[in-house]
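One chain, subunit A, appears in both complexes that follow, with subunit B as partner in the first and subunit C in the second.
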Partner chain A sequence: MKKILIVDDDPNIRDYLVALLEDNGYDTCTASNVKDGLKIVKEYKPDLITLDLEMPGEWGPRFYRQLSQDNELKNTPVIVISGLSGKDYAISKAVATLTKPFDKDELLSIIKENTL
Partner chain B sequence: MFKKILFATSATEASDHAARVVFNMAGTLGANLNIFHVLGVPTRGFSQVVLDVKTKKEVAVDGEYISWVEEEIKNYYANQLATCSNYSIKVAVGVPHREILRQARETEPDLIVLGGTTGSKKDSVYKSSTGSTLQRVAKASPCPILVVNRPAASFWGGLSNIVFGTDFSKASDKAFDFALKIATSINGELHIFHALDITSKNMGMSMPQDEIDHKIRESYRMIRSKYVSKMRDYKNYSMNVWEGVPYIEIVKYTREKHADLIVMAHNSRKLDEDGPKIGSNMEQVIMRANCPVISVNR
Partner chain C sequence: MAENILLIENNKEHATALQFYLERSGIVVSIGTTTEEMVSKIATKEFEILLVNPFINGSSVCPIVKELKLANPLVQVIIFCFKQHLNQAMDEIGTYAIHFLEIPINSKALDLAITRARKYIANARRIAVYSGRLADLEHDRTLYHQLFNEVPCYISIQNQDMRLIGGNSLFQKDFGNEIGEYCYQIYKHRTSPCPTCPVIKTFADGKSHSTEEVVTSLSGQQYHVLTQTAPIFNDDGDITQVMEIATDITQIRQLQGHLSSLGLMLGSMSHGVKGMLTALDGGIYQMASGLEKNDPERIKKAFDIIKQMADRIKKMVLEILYYAKSRELQYKTVDVVNLVRTVITTVANLARKNHVTIETDIPEYLGEMDIDANWLQAALVNLSENAVEACIYDKDKNKKYRVEFRLWEDDDNRVCISIKDNGMGMDQDTYERMFTLFFTSKGSQGTGLGLFIANHVIKQHGGYIKVKSSLGEGTYFEITIPRKKPEESIAPFGKLIEKESTY
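Then we have the complex of A and B:
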């Protein structure tokens, strides 16, 4: 079963993504901030990460910066899910950038494509 | 580090990403934020008629209109101002760069923040050069200026990774002092970078690799003697020399390092005193960088 880590400070988004992804056969794990996300990502070793940009404390791009310095995790696909303006530019190596509210079929198709 | 920040804004979309940087910076550093707007552009000398920034229509300037514009700015930045207690809003009439410089002389800020050009996207100049206000302010500013020229250069969650681009000029020495001061005050990482220009100086001839390697070694020695020797206990730094087109290499290096800020000297080469130009490398870095750029001119 493919593993997805969801990093988002909004509990409604986290719950929605967990329900959506588990219903579609993925194992999920969540983090509400960058600090927890970095801790979890090392233990959980996900196949893909969905990442919010603006969060209390450190922002999503800081998470990605740390991730890209870890040889084991640096190639983990990341999907940015955010409502922030200019979000397309935040993480250039992200496999996709989705705007909140996002289309669930589009998200599932991107995840499927990147977790083969 | 920055106690007073002057944010010169058009209060339009062109300044939105600069606003994101400046409000976060002011909040993090506890700085006083002076939001400054220059009303339109006078239609002719000594005229009291200006072009409204939003409607592009001619408006007669009076106290009522100025108060209305102040209120508009307050509304435009309502979300950000809700979390910013230490701020003031001022509206002036005149030619933008002169008024910004006048305000800077009066309030003596530690930093001036400017957004991108408000020129039309249809304008061919829009994508290849900085706005004239920015160039004129940068050239005569009494303090460093921070420019956020495009959405990619906006605030992405922090300030901890600084790239200092140098051409080893005297102006670059000043910029280094400034970059080190910021890096020390935020306990961040400082990346010292020199781009070895292998294009213009050789009249189209390609430089032999042995010469490039020699110049790279020489540049590292320069970095050690000019900058590393000044850093004493500050150990959180790296240094790199890449060959290529300087502004492209700086932008690439910044992207590679996931940097939050570039610090450079803008008048590191002799410039035309009458022209507004700030130097082609600085201008191109400002246009292309994916993080804010601080230009230090003295």
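Then we have the complex of A and C:
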């Protein structure tokens, strides 16, 4: 079973992603901020990460920078799911950038493509 | 041009001879031989020269001649008579005639007299035209002066030294009749010329310049004005003065301020809105999958999310609507206790779910009051929700959270409501800025409109809010509202916006 880490500060959106992904046969784990996310990503070693950009404390781009400095984790695909505009430039190496509210089928197909 | 001559002479043969002579020169002659004929022919006014023997059948027609001349000064009178009557004619008619001829009439003298009469007539016509123009000019001058004065702008004239040398009525009304003072002193209470003075530029290049300024009138009222200048040249083409026209655009600026803060608000809220919409999607998804799997727990959870999001979105939209549309209050008489109980019921659910106890100290009956129930209720609900949320967001897990509502009447018969919580309290920064537009301590969950609007609604009702807060211990709001509509109500927004936005 493929593992997906969900990083988002909004509990309702985390719940949504967990339900959506588990219903579609993925294992999930969540983090509500960058610090927890970095800790969990090392233990959990997900196959893919969904990342919000604007969160209290440290922002999503910082999470990505830290991730890409870790040789073991730097190839983990990241999908940005954010409400920010100008999002396309925030993390250029993300495999996809979706705007909230996102299309769930689009998300599922992107995840499928990137976890083969 | 052929003149018409009215010839008055009682001697018919003499008259016919004169007529014959004159008609040879192309002059149209009409003859009268009696006083009656004279009077009736004068009435036709179809002549420019009156050639008259004033002594018809021994009686004098001099008074008729004088009367004619007074009524119609353009008509020129030439007198002819026998030598023995000449003195009397001159005595009686004097300057009313331009020429006195003696019978037998010398044809050259007659020609000269007629030529002279023509010149007089031509001159008189010219003078009439000139004086007509002069009157028009005087009228125009008055008109332009009036226009200058009544233009709904401030118009001032400045000389090279930046001194005022004139102003229209509106300028004098709002800035005083301060001829000789510096314009920057009168308009802006400055001691030196303004840095981007359009008047100086116009003196330099002779072109019109414009700037936007904030000026302060005699009464201290500030106006946003659009200033335009125009050079005034002397006869040599030098610029001696510059006219400055300032148009009051305060209202436009206020509207613009309102619109830009609305734009700012929408921008700052879009992140929150997007989050809510995503969570709403999540609720709908979980509802659908819950129904599919026949999982009541999931359905219940999904319904809670949907309800919560619907409430939040509703609240946000209502706040935006309130702010976007300056509205007058719709006063209605309501029961005070009912109003407060409704408010408490509205937040009771939120409190119960989050283990916050609600305590009330409310009398059975406290009379009625005239208010806009929709908005005052919304304002009170907002304050109450804040109290409950201050408990929810507090991190101290050992506290027993409670919100206390109290309702009473003060000595001035005003209604007082207090809302006290023992939640997180406010720090100094939050305390100072809590009523400020777009200030929120709730991150993307808040619009920064709730307390701003609540405060405004209460002020519109002639009431006020007192706040005490201490970080970590809780907050106390006390709202005082008169029972009747205030006589002087504050404007729905306008003035307030002026204070809140900078431009």
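Keep this in mind: the second predicted complex is superposed on the first by the 116 of 116 C-alpha atoms of A that agree within 3 Å, B and C clash if a C-alpha of one lies under 4 Å from a C-alpha of the other, contacts with A are read in each partner's own complex, and residues count from 1 in each chain.
The rule is simple: a contact is a pair of C-beta atoms (placed from the backbone, for glycine too) under 8 Å apart; a residue touches a chain by one contact, two chains touch by 3 or more.
Worth saying up front: this structure is predicted, and the values here are computed from it rather than measured.
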| item | value |
| --- | --- |
| Clash or fit, subunit B versus subunit C on superposed subunit A | clash |
| Partner chain in contact with A:100 - subunit B first, subunit C second, else both or neither | second |
| Touching partner for A:23 - first (subunit B), second (subunit C), both, neither | second |
| Touched partner set for A:13, first subunit B, second subunit C, both or neither | second |
| Which superposed partner A:90 touches (first subunit B, second subunit C, both, neither) | first |
| Which of subunit B and subunit C A:61 touches, first, second, both or neither | first |
| Partner chain(s) touched by A:36 [first = subunit B, second = subunit C, both, neither] | neither |
| First, second, both or neither for A:113, with subunit B first and subunit C second | neither |
| Those residues of subunit A which subunit B touches in one complex and subunit C touches in the other | 54, 85 |
| Interface residues, subunit A side, partner subunit C - complex | 10, 12-13, 15-17, 19-20, 23, 54, 56, 83-85, 99-102, 104 |
| Of subunit B, residues touching subunit A in the complex | 16-17, 150-152, 154, 156-158, 161, 255, 258, 290 |
| In the complex with subunit B, residue positions of subunit A that touch it | 53-54, 58-62, 64-65, 68, 85-86, 88-90, 92 |
| Residues on subunit C engaged by subunit A in the complex (per definition of touch) | 270-275, 277-283, 285-286, 289, 298, 301, 305, 308-309, 443-444 |
